[in-house]
Each structure stands twice: as structure tokens, then as C-alpha cells.
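Both complexes shown next keep subunit A, but they swap its partner, so subunit B is in the first and subunit C is in the second.
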Partner chain A sequence: MSIQHSISRRSLALIIAAVILMLAPVLAGSNYFLHIAVLVCVFGGLATAWNIVGGYAGQISLGHAVFYGIGSYTAVIMMLRFELSPWFGMLVGMVISGIAAVVVSWPTFRLKGPFFSLVTIAFLEVVRLLAIHDQDLMGGSSGLTIPLNIGFEWMVFREKEYSYALALFFLLLTLGVAWLIRRHKMGFYLLAIREREDAARAIGINLVSTRIRAMVISAMLTSMIGSFYAMYLTFIDPDATFSLAISIQIAMFALIGGLGTVFGPVIGALIVLPVAELMRGWLSTYANGIHGAVYGLVLVIAVLKFPRGIVGGLATLTCNEKARIQSLLASHANKGFLQDTLPAQVSDGKVILEADGLVKRFGGLIATNHVSLQLKQGEILGLIGPNGAGKTTLFNLLSGFLKPNSGVIRLMSEDGEAVNVVSPTQCARLGVGRTFQIAQPFAGLSVLENIMLGAFLHTSDVRAAEQIALDVARVTGMENQLDKPASELTVGGMKRLEVARTLATRPRILLLDEVMAGLSPTDIDQAIALIRQIRDAGVSVLMIEHQMRATMALCDRIIVIDAGAVLMEGTPDEVVNNERVIEAYLGSGYKNAA
Partner chain B sequence: MDVFLQVIVNGLMLAGVYIGISIGLTLIFGVIKIVNFAHGEFLMIGLYATYLLTTYSGLSVVQAIVPVMLLLFVLGYAMQRVVIQPLLNAPHHMQIFATVGVSTFLMNLALLVFGADVHRTEVPNALQTISVGGINIVISQLITLVVAVSLAIVLHLFQSRTMVGMSIRAVAQNRKSAALMGINVKRVYAITFGLGCACLGLVATLIASQYPVFPTVGTYFVLFAFVIVVLGGLGNVTGAIYASIIIAIVDSLAGYYISLALKEVICFCIFILILIFKPTGLVGKESGA
Partner chain C sequence: MLLNVQNLKVSYGAVEVIRGIDFSVNKGEIVTILGGNGAGKTTVLKALCGLIPSTGGDITYSDSKITNQEAHRIVERGISMIPEGRQLFPYLTVRDNLMLGAYRRGARAQLCTRFDSVLDIFPKLADRLNQLAGSLSGGEQQMVAIGRGLMAQPELLIFDEPSLGLSPLLVEQMFGVIKRIAREGLTIIVVEQNVLATLEIADRGYVLENGAIALKGTCEDLKSNPLVKQAYLGH
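Up next is the complex of A and B:
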């Protein structure tokens, strides 16, 4: 109760401060002051829009001025050619920018960090050169001048107060969109992709469509602000509009404020831009380029000294999240996740996952050599074998991460249809959950958020995902770590998180890759009990495990793999007494000990 | 036909410039695995340094080679130590921001110091041509080509024959194992970065007579350098030479047969297509994807 109270008082204080800040330029009554305020709104808005792609999704676009320029030019050209209001041109520009965003991001989604940046720069350069080349429509290098029609429908005003009000409106609109995205499933998904692509695919996130959606939204907002700013400037030309320097500036404000935070980009612009503008005002006659040099220097220092930005740095100091999670836990009724939430299934012994004649080659190495296996509903199937036998490769094939050279994998869908496995995302959506041998947490997110990401496979509602995550955390014994960043967990904790995140996707089939390696004996006992409970709830389990005690205790059947091929298949007792298995894997010491 | 041949030869001559500019970037990317967005600005510094030395201290362009290369070696060494080294294990985007920041800073610093004016390094007889079978060749371009190819060969020999060169290759293969073998990785990285920039110093003195210098001259060249490094297979010196020749000839053909204004558009479109369809480049193992 007291926590709720203090939060609302804090946000009230923040809102009042923000309103005062917004009114200040008007009250000050100076046109120069208002001009800077408009700039802060415009660049704060651009940085906020950029942040949806650059911050949330971690794709550093250095060509965002393309969308800004499309917005500018479309509005101006519609006005000059057809005497249409820039409000209309703005909408058309947004549509064009949205299409351009698909064209840019769809083919380039697989490019890594700097190469994505390079492609965006190349796109920007191409558009800029074409704009310079095009005399008829875009006015070539001399640019276009906006006719001076004054009035709301033309977005041009005699008094700067009105321009400022409009700039503020567009900023708040952009912030609203960014805030909504961050608070919803889409924001979580973008952060997940940024942190770890493979883990994101394993919980059913479609990387391509999620990234494209982010780019389209970001581009449309950027374009919208571009249209407005063109009207404010009353003049545009290719070099200043399709400008690499502007693209960099936008990204810089976001970095300084805090990448991936909602309000960081605006705060970055609010702090850096006025200082640079004032310096330009005072010094420009003596020192051309001074504000650019300051921008560059600030950027380097920010990267080296404050990589998390102003807002990102402050966020670690507040303990709001911890208190919130505590109160959530306190009010959370234990629903019995395993029995109630996991999809109810009859353990009727039908085959639910089947591999037939799988072959996978890496160059000359045959990692998987004609492997066939069947996983039956409600059983625990063990997969053992020496290091390098090809167990994890088999897992990657079964979960769609690798494509076999030959052979098929069939999966029984919920309706009882056999479906061929083609991609990790499809696999996850059909109810296959997998963990990774080397834990792949979304390191920058909290444990709670990590588990929620799994839950989002079956719900779009943040509250519902939170409830599922709390249930899962109870079952997997992670309640006390929910507020920790995943990067701060121990190795054992990360393994546990792998299982928790996968469980939250409510799998029908669970593929566990060495979840017990590195656990203490007590932890192993707990893990054995957990896996048994999961199976009893109707989930079929396929597990790779070197921990023989757990394998023996849990598995109904065991498949032994050696050098890529199936060595034998049988009950645990048959396997441990088999001469060939002892020779290839267990070692004679195991026989003597047993 | 003569015109076509002349255009092709012009392209070949241009390749010298591209080889020179991209070889340092290739070296840095191949070893340190970092994309240096400030590469063009180092070239800009080299061009300004050449201009200042030849105009104000009476050195000839040839005499300026050693001081300019030394200057750029030191700057590159320092940049690696101060900016790149602390970010080696940082996420990609931090490395991008850092080198973009250095680029912005240097470009505007040049604007601050030298103004936006275009300066030209005057070299007597720089644009003299010789005629071979009706094909005209600009002598300074020919020299650039010869020196750039020699530079590539020297660099190759350095990497395969000397201790320092071999430790650079070892670090490029596997940073951690190299460190375990007693190689001072930090030093190797700094030397590599310095060498990559020193290559630019050499190129700057060579092309100073052909290209004027202004604060944003680096931006023009750096995109071409990136096009070549990617096309050449990211970190592969031989690949970069082939790529330079291809891009230079495309550039030359497009400039003559399509439009002088659109030749860059064509090169950048090729770049985009390569990154989309074959991010490993022509011969490379590293991948942009």
C-alpha cells in the first residue's frame, strides 16, 4: 500500500516537473529560446523514434535521415505540386517511409551490427545522390523552398509559440508510441532479439517480422517529424536533409540519454542540444564546426564512460522494481502451474516427435549419421554418449535450428496432425521447448522478464505473462531471484532460468540439453523431482545428460549415440550393462562400481 | 573500342587509389575485427598533413611520405589504445558509436582548424600523361597503382616472414590462444591499428596531387573502402585487391556510359546487393551476417 502510494506521488512530481519544463519556453517569451525548444522537441522525437530500432532492437541504423528526408520531401512536394496541406503530405510520407522501411530491413535482417549500419548508410547515400540528381521533382542540389502560406492547415505560423506547441504534440505522440511498445509484448520481444537471437527463436519469436514491424513504426514516426520540421525550416535541400550527420546526431542523443529506455532519448536531446546550439550561437563566427566537434567528443566519452546513458544509469539506482516484484509475489496465489497451466495431455504412449534417417554433415564431418528416434507422449527419453558424439547437433536438428542434409522430422501437433519441422520459431509455436547447453539468458533483462518472454508465446497480455512467470518461478525455485539481472546469476542459476523460460512457453515436448551439468548434488535432487513433476503433468521429455544418476533415475528409455550414429536403445538397465556402451561411453570403472 | 579501352585503363588506374585506401581497413578488420568508421578521417588527416608539409615547409611529396606515415601510425596506435581497446568486449553498437564519434570529432575539428575551403596540394607535372598505343595514362595515377600493389605485397611479406607479422596473424586467428602463447595482444592490436593508418598516410601522399582536401573528404572515400573490404571478403588482402579493381572499373564504366553523377549510386547499390546476397564477399570466410 505504502509502496503504491509513494510511486504515485513520485510520478505526480515528475509530471508536474515535465509540465513546467514544457511551459518554460512559452513563459520565457524569447524567440531564440522557443527556437531551441522546437529543436529539442524535433530531435528528441527523432531520437525517440530511432530508439525503437536502435535501442530496443539493437540495430544501429545510421541512415535514419532517409525517413526524415522522405517525410520532408513528400510534404513539400505535395504542397508545391498539388497545393495540398502538409498534414496530408505527412500521411503520404509516412506511408512511403513505411514501405521504404520494409525495403531496407527485410533483406538486411540477418546482417550483424556494423554491417547493418553500413547498409543503412549506403541506402542514405544512394537516396541523397538521387535527390541531388533529380532536378524536376526534388529540385536537385539547390533544394526546395516552401511557399509562405500561414495557418494551421499549412503548419506555418507567425508566432513561434504555435510551432512549439505543434512540435511538442509530435514529440508526445512519438513518446506515447515508444512507451506503449516498451510496455507491451512487442517491446519485450525486441529486447529479447537484441540480447540473443537464438534464444529468442527458441521461445517462438519471429525475428524477421518483429524487426520489420519495429523499423516500420520507427520510420513512420521519423517521417512524420520530418514533414513537420520541413515546414518549420521553410527550406529543404538534399545535403541537409538526407544527411549522415543528422542520422548520427539522432543516434547520439539516444545513446547519451540511455539506449532502449523510453525517456532517455528525449533527455539526451534536452541536455546536449541546447548546450551545443548555444555554443554554435556564440562561437560560430570564430569557430565553424565547434558544435560538431563537441558532439563527436561527447559521443566518444559517453561510450567509454557512461555506456548506459543518463536514464539507464539512474535506473540501476532505484529499487522500485524489487519492491514491485515483492508485492506481486505477496499477492500472487499459487495456481499450481504444472497441473493447471501446462496443456493437459493424455499419456497414451503415442509417438509425438519422430526423426527418420537424419543425416547432417559439416564439411567432411558427419555429425549425424542416419539417426532415427521416436519420442512417445508422456515419456522421458534420455540421450547419452561421449563428448562430440553429436547429441547437441541432433537437438539442433530436432528443434529446427539446423536443417538436415537428408531425413525428416515429424511433430504431432495438438490436433494430432503430423507436421514437418522447418524452423525454430515454428517448432516453439507447435509446443517444443528447448534449453541450451551453454545457457543463453537475455542478459540485460531481469529474471522475471526472462521468464515472461517465454510466457508471451501464448499471451499478449503483460499482466498475464507476469502471472505465468511467477507461477513458473515458484515451481523452479527462482522466486528470490526475480528482480536480479539474468547476467548476475550463477551458472547453476542460469541453467535453472533456461528451464524456467522454456517451461513458461507451456511446451508439450521439452528438450533439455545438459541442464544438470555443474549443479550441486542437492540441486540435482531438486531438478530430478522437477523433471518428474513436469512429466507427470503430461509433458514428453527428451534429455541429453552426462549426469548418470539423474539419467538412471528419470529415464524410461535411453538412446546411446556414438560418432553420430545410434549405438543402442533400451531401458536404463539394458544400457548400463551393454558391453559396447561401457566401452564407448561409460568406461569399465562404471561397470565395476555398479 | 578505343574509348572502351581507355575507360577500362582509367578504371585500372583508379584501382590504385582504392587498393591503397582499403588495405589498411582490411588489415584492421581482419585482425581486430572492428569496423572503423573513422577510417576516412585518417585519410583526411593524411591529406592535410601532406598539404601542410609540402606547402609550408618546402618538402616534396616524396619527402613528406615518412613524416605523414609516422604521424598516422602514432594516431592509429593512440586510437587503438584509448578508444578501441577498452571496447573490445563491449557490444557491437558501442564500438560503432565510438568510431563514429571519433569520425565526427575529427571531421569537425578539421572544419574548425582549416575551414570549409578546398585546398590543393600542388605537385609539378603531377597530371602529365604518357601515351601507350593511343591510351593515355596519368603518370601519378600509374605511380599510385604500382606503389599500392607493392604495399600489399610488402604487407603480405611482413605478415608471413617477420615475428611481429606472424604474431599479428596469430592474434587474428585466436586472440585468447595467442595471449596464452605469450603474445602481448594489446601491443599487437595497437601496432596493427597503427600500421593500418600508416598505409593511409602513404596513400594520402600519393593521391594528394590528384584529389583536393576538405574536411569531409573522408566520407567520400570511406564508403568505397567499405564496399571493397566487404566485396573482398572482410579482412582478406588479396580479395581487397580484386575488389578494388572490380569497383574501380565499374566506377569508371558507369561514369562514362551512364552518368558521372550516378556512378557512386551504382557502386553503393552493388554494395547493398553484396551485403544482402553474399555477405561473405568474393573469397572470404568471415561473414557480415
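Up next is the complex of A and C:
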């Protein structure tokens, strides 16, 4: 009931806001206000499109004006050369921008932070110089003027009201796309990549294709608005369109409004742009340039007061997520996740994961030295050894995060075929779930969203992912923390979240890297029970663990690694009574205790 | 009394996580704070070190108040923390990590002797001085973290989960190191999940539950307390 209620109230608020947006400038009656309203729509739209890459995916592009410029020039050139309607030119521009986005993001997707930004600036600069030097098609530095064909099909109007209606339409279209992305799997995936790349790969997210898709969508929307704005201005030139200043302005609106939020960028444009324009109008009569100073002051205050953006700041005040999760939990039927949701498997003792002669060198150091191991279906295999022996390196090899210098890793697929492991994403899709020794939560997201991200491996539906996440939360004892940001969990809580997120991917093989470190003895007892249940559901488990109590209680077999090589392999009893293991790993205290 | 905490309160937003606790540490003692996950142990330590603000109560350190002072001033007063999960500077060398520990005024003068004494406690680090801290194994990283804390020449050293992620052999050695440091005259607070081993080396302990002190006493008393036995010793 309450969910329905809050949704209808929210949509009502949106409708009211839309009506005000539509009517206000028209009622104001002055062309000047209408012009500012068009500007707000255009820049709000551009910032919204930018936010898909800059906010959701966290890749700060400072060359987005390139797509804006491509949209402008394509529409104008098609009109001048072939007398085609800008509506058609707009579509062509979007296609070209989409292709350009692939060209830019394919080689640069590995770059992070300032490096990605620098490349986008460089790309923008190259295109601007090309435009200046191309006299024939693009009119060189003097630009192109649009013939005054009035009418809807030419996107040029005598009355500004029509331009405003069209600008609003494009803004709403862009917002709609941004909203859809945020509510769907793609939005979750983009946020996950932004927060932690390795963890994202471990749950089966393809970083390259997800990022490129975001870039293409963002570029196409930017281009669309560029085409419209060119028609509105009726004149374009390289310096004003392929402009770094515009690129930065777009990013700034998103930053001030709230990076990564759906409505933040528009709110940013809505607040900052009119202030800037009105300052220019009112203050320039007193002293030339003073509007710039006041504008700057407003920006500094905005950034200081709302470090997470205006919408980001408000979101924490109107936190109804907790209530929503409570009602979700209340209405959630308790399904036996381990029995019903995990892929049913017969524990027939066949080898499901096999490493043969693995060697991994880091420079002169041999981290993994001819290691072979077999994990059988339905068993719990322990991996112990001194710190620095190469256990985590072996895990990274088995899950595709590192490539071995020699040796092979074979994985039995669900159909019983042997597949060579090549990448983390492939591994996750074949049913290998892994946790990280240093927990890697998606810190900015809630616990619920973190677990949902794992569930997205096998579903694209947000509701279904939510249900799986609730099931998993119940099994792993995280029900009471679902609404918390993952960053606020204790170390033990983060370890538990690692397991929960991995379980949600419905693995057939579970690789656990020290999930019990930092847990209290009672928590360890619970964790032991959980891992046993997971195994009983047919999942094969390979675990690195220093808590000998857990290793002894759980493992069918134990492999001891020392200095990169297998020291011995055997049952728990054989291992703890082995002199070499005691000397290298357990210590004399353990010998006496045992 | 070296450290005296009275009615300390800490809140995250509207939630009060530390609800008015009292405890004290005498000079030369090893005191442990026990408690389950989320009991608030790390929060207490962070409030002591000025890493998060307290919302009420007083912290007195050698007869003057340090409540809500900035973290670097508290380090200047002689309190160092070895944080949970090591928190080294991964892209600096081991040597630089250690040197940064001696940033405290007064510690700089005796830099060389401190450095030698850290290498005396952890001889393994001598071979690793020019390696990046991030490339070390978990046990070696923990050694650097402790070494960095010692470089500040503190009077009070706070350990947050020193045995986290260490092999049984190294856990044993780590507790040996803590005992050795204590013998040299330092006062120590330890937070650990390895309750049994901690109670072996500590003098007194406090049990924290839901942000309040549920139990306190000497380690002998705590070890034989049925509540502690059941909740923290696991049998």
C-alpha cells in the first residue's frame, strides 16, 4: 500500500513540476524570460545526457561539446547542402555521434580520472581545429548561417513559445532516458563500475561494453540537443560549438545539481543559469564584469553548502528508502534460497575446477610455482599457508583476474564441457563466484543494491533482482542492514556482504578469500554453519582461511601452500600433524593445543 | 591514571552508537576492549584519536582534556593508533611509511634510534625497506603498520585488530611483539576478535555491547566469567 502511495505522490509532484515548467515562461510573457527558459532546457538536457557518463559511470568527460557540435553541424550541413529537414539531420547527427563515441571510448576506457578527461579535451580540440580549417563543408572559422525557413519541419519559429515547447520536449526525452537507465540493470552496472572495477568484474560485468553503451547513449542525446540548439541560434561557428567552455559548463551544472542523480543536472541548470543571465542583465550597468564575480561567488557557496550537489544533499534528508525496504521485507515470502534458487547440482565428486602446472611470475618473484589442484563437485577444499605464500595470487589466477605465465585452468561448464578460464567476467558467467580478501563493497550504494548487483548476472529485471537480494540477505543475516550504505558497515559486515553479493550470482563454485577474518568467535560459528549449508546445496567451495577452527570443521581436504608451491595436501588431521606445516604455518602453540 | 574516559557518547547521524561509557587506563597497562561485530569498539578508538567527533563526555589524557581535539594534536600528545586493516600508504616504500610515522614533533630528533629499534623488533623489514608497502604480504604490512605507530614514539599505543588476516604462526608472534612493546614501558589498548589470546597478554578488560560497557574486570575474572565464555570464547 505505502509503496503505491509514495509512487503516486511522487508522480503527482512531477506532473505539477512539468506543468509549471511549461506554463511559467509563457505566462511571464516576455521574450527574454522565454529565452532563458529555452537555455535552461537545452543546458539541463545537455547536463542530463553528460551525467549518464560523468555521473553514473564516473568518467568525467570534458569534451562533450564534440557531440553537441557534431549534432549542430550535421543538421545545418544537411540542410544547406541537400535541403533536408533538420529532423532528418538530427538523426544522422546522432548516428555519427554514436560512432564517434565508440571511437573515443574504445581506446580510452582503461583510462581513469584526469587521464580520461584529458583525452576528451584533446579530441574536442582536434575536431575544433578541423572545423576551422575546413572551408568547403563547414564554412571554416566564420561558421555557417541557417536559412530562415520558418515552420515545424525546419525547427525555426517566429514565436519563441514554439521553440520553448520543442526544447522542453527534448529535455523531457533526455530525462526519460536517464531515468530509465538509472532504474534498470544498466544504471546499476554503471554505478558498480564507478565504485569498484574489480568487484564489478567479479560479478560478471563487462566493463568495456557497459561503458561504451553509456557513452554512445550520452553522445546521441547530446547530439540531438545540439541539432535543435543550432536551429534555435540560426548560426554556428567552430569556436562556439566545439567549445571547451561549454563542455565545462555542462559538467558544472551536473556537479552542482548532484552527480549521478537523475534530476540533479536539470536542477543545477535551473538554478545556476538564470542567476548567471540575470546577473549579466542587472549588474553590467553598474560595473562591467561584476556579474562574473557574483556568479563565481554563488558557485563557491553552492559547492561548499552542497558538496554532493543540491539533489544529493536533499536526498539524505528525505530518506524513505528505509521504510520501503521494511515493507519489501514484510511482504517478502521466505523462500529457501539455498535449496530453491541456487542451481541444483548433484554432488557426484567429479572434478569441476582444475589447475594444471600453474606458474605466475612478478618480475623476479615466482608467486605461483607449478601448482596443480583439483576441486571436486560438492566438496570444501581449504587453502592455507603463511602470509605471502601466494594464496591470493592463486585465487586471482583461478578466477581469471591474472593470466598465468604457463599452465592451464579448466572449468567444467554446466553442460559438462571443459572450458579454459580467460577473464573474470567469463568466469563469473560460468558460475564461479569469488570474494575479496580486502572487502570491495560498492561503497556509495546501499547493502540491498550491492546484493542486487550480484543478482543481475542472471536477471535483467530489477524486481526479480530485489527478491533474490532479499532471499540472500535472509540467509546471510544482513536483513537489518539493507538500507545502510555499504561504506558504513563494520569490517565483519563488509566480509558478510562480500559473501552475500557473491551468493546472489548463484555460483556453482565459490572461492572464499578469508571471509572470517575480523569476525568474533560467535560470528565464526554462524559462518561455518552457512558455508556448510551452501555446500549441502551442491556448491563446491574453495576457501582461504586462517581461522583454523573453521578450516578444521569445514574442509574435506586441505592444500598447504608455502613460497608459491604446494607443500602438502591431505585431510585436516594429516595437515595439522605434519611437522613442516607446523613449522611454516601453525607454530608451536598450535601443536601443543592440538 | 594515564587515560580517563567519562560518559563518552558518539552518534552517527541520529543514531547514538556509543551511549555514555566510562573506562580508564593506567600507565604501563595493557587494556583490552572486547565485543561483537558492530558493538562500537572501533568507534570508541576513533573517538579517542579524534578521527570522529564525540557528542558528549570527557576524555582526559595525563591530566588534560583531549576531547574532540584534532587528530594530529592528539598524536602530538603521545597517542598513536595502528588502524584496522593496516591503512599503509601503498605507493610509498616501507622506509617512507616508517619515516612518516615520525612526523610528530619530538619524534623527529630521535628518528635514527627509533628506526633502528623498529628494525630490531621486525628484522624482516630490513630487507624490504625499498619495496612499495602495497606489494608486501599481509603479515609484513601489519609489521610496517606497527612500526609506523612506534616511530611516533607514543606513550599510549592503540591496536585495532592486530591479528586480522594473519596466519596462526604470525598471530602468535604478533602477540609476542605486543607484550615486548609493553615491557619497554608503553601503555597499550588492544581491540581483538582473538579474545583468548588477548586475555592472555592483557591486564584488564572491558566488554562493550550495543555501545555500553556490559562488563569489566581483570583478565583472570573475565576469562572465568560465564558470559564471556559463551559469547566470546566460543564454547
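Note that in this section the second predicted complex is superposed on the first by the 559 of 594 C-alpha atoms of A that agree within 3 Å, B and C clash if a C-alpha of one lies under 4 Å from a C-alpha of the other, contacts with A are read in each partner's own complex, and residues count from 1 in each chain.
We take it that contacts are C-beta pairs under 8 Å (C-beta built on N, C-alpha and C of every residue); 3 or more make two chains touch, one makes a residue touch a chain.
In this text, all values refer to a predicted model and were calculated from it rather than measured experimentally.
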Contacts of A:D525 with subunit B and subunit C, given as first, second, both or neither: second
Partner chain(s) touched by A:T108 [first = subunit B, second = subunit C, both, neither]: first
Touching partner for A:A245 - first (subunit B), second (subunit C), both, neither: first
Partner chain(s) touched by A:A517 [first = subunit B, second = subunit C, both, neither]: second
Touched partner set for A:T459, first subunit B, second subunit C, both or neither: neither
Contacts of A:Q426 with subunit B and subunit C, given as first, second, both or neither: neither
Superposition-derived comparison: subunit B or subunit C, residues of subunit A touched: B
Which superposed partner A:V491 touches (first subunit B, second subunit C, both, neither): second
Touching residues on subunit B, where the partner in the complex is subunit A: 35, 37, 83, 86-87, 90-98, 100-112, 115-116, 215, 219, 223, 226-227, 230, 259, 261-262, 264-265, 268-269, 271-272, 275-276, 279, 287-289
Complex interface listing, subunit C residues touching subunit A: 12, 35-38, 42, 84-85, 136-140, 161, 164-173, 193, 195, 231-234
Subunit C-touching residues of subunit A, taken from the complex the two chains share: 384-389, 437-438, 488, 490-493, 514, 517-525, 546, 548-549, 584-590
Contact set on subunit A toward subunit B in their complex: 54, 58, 60, 62, 107-108, 110-115, 117-119, 121-123, 125-126, 129-130, 132-133, 244-245, 248, 251-252, 255, 259, 287-293, 295-300, 302-304, 307
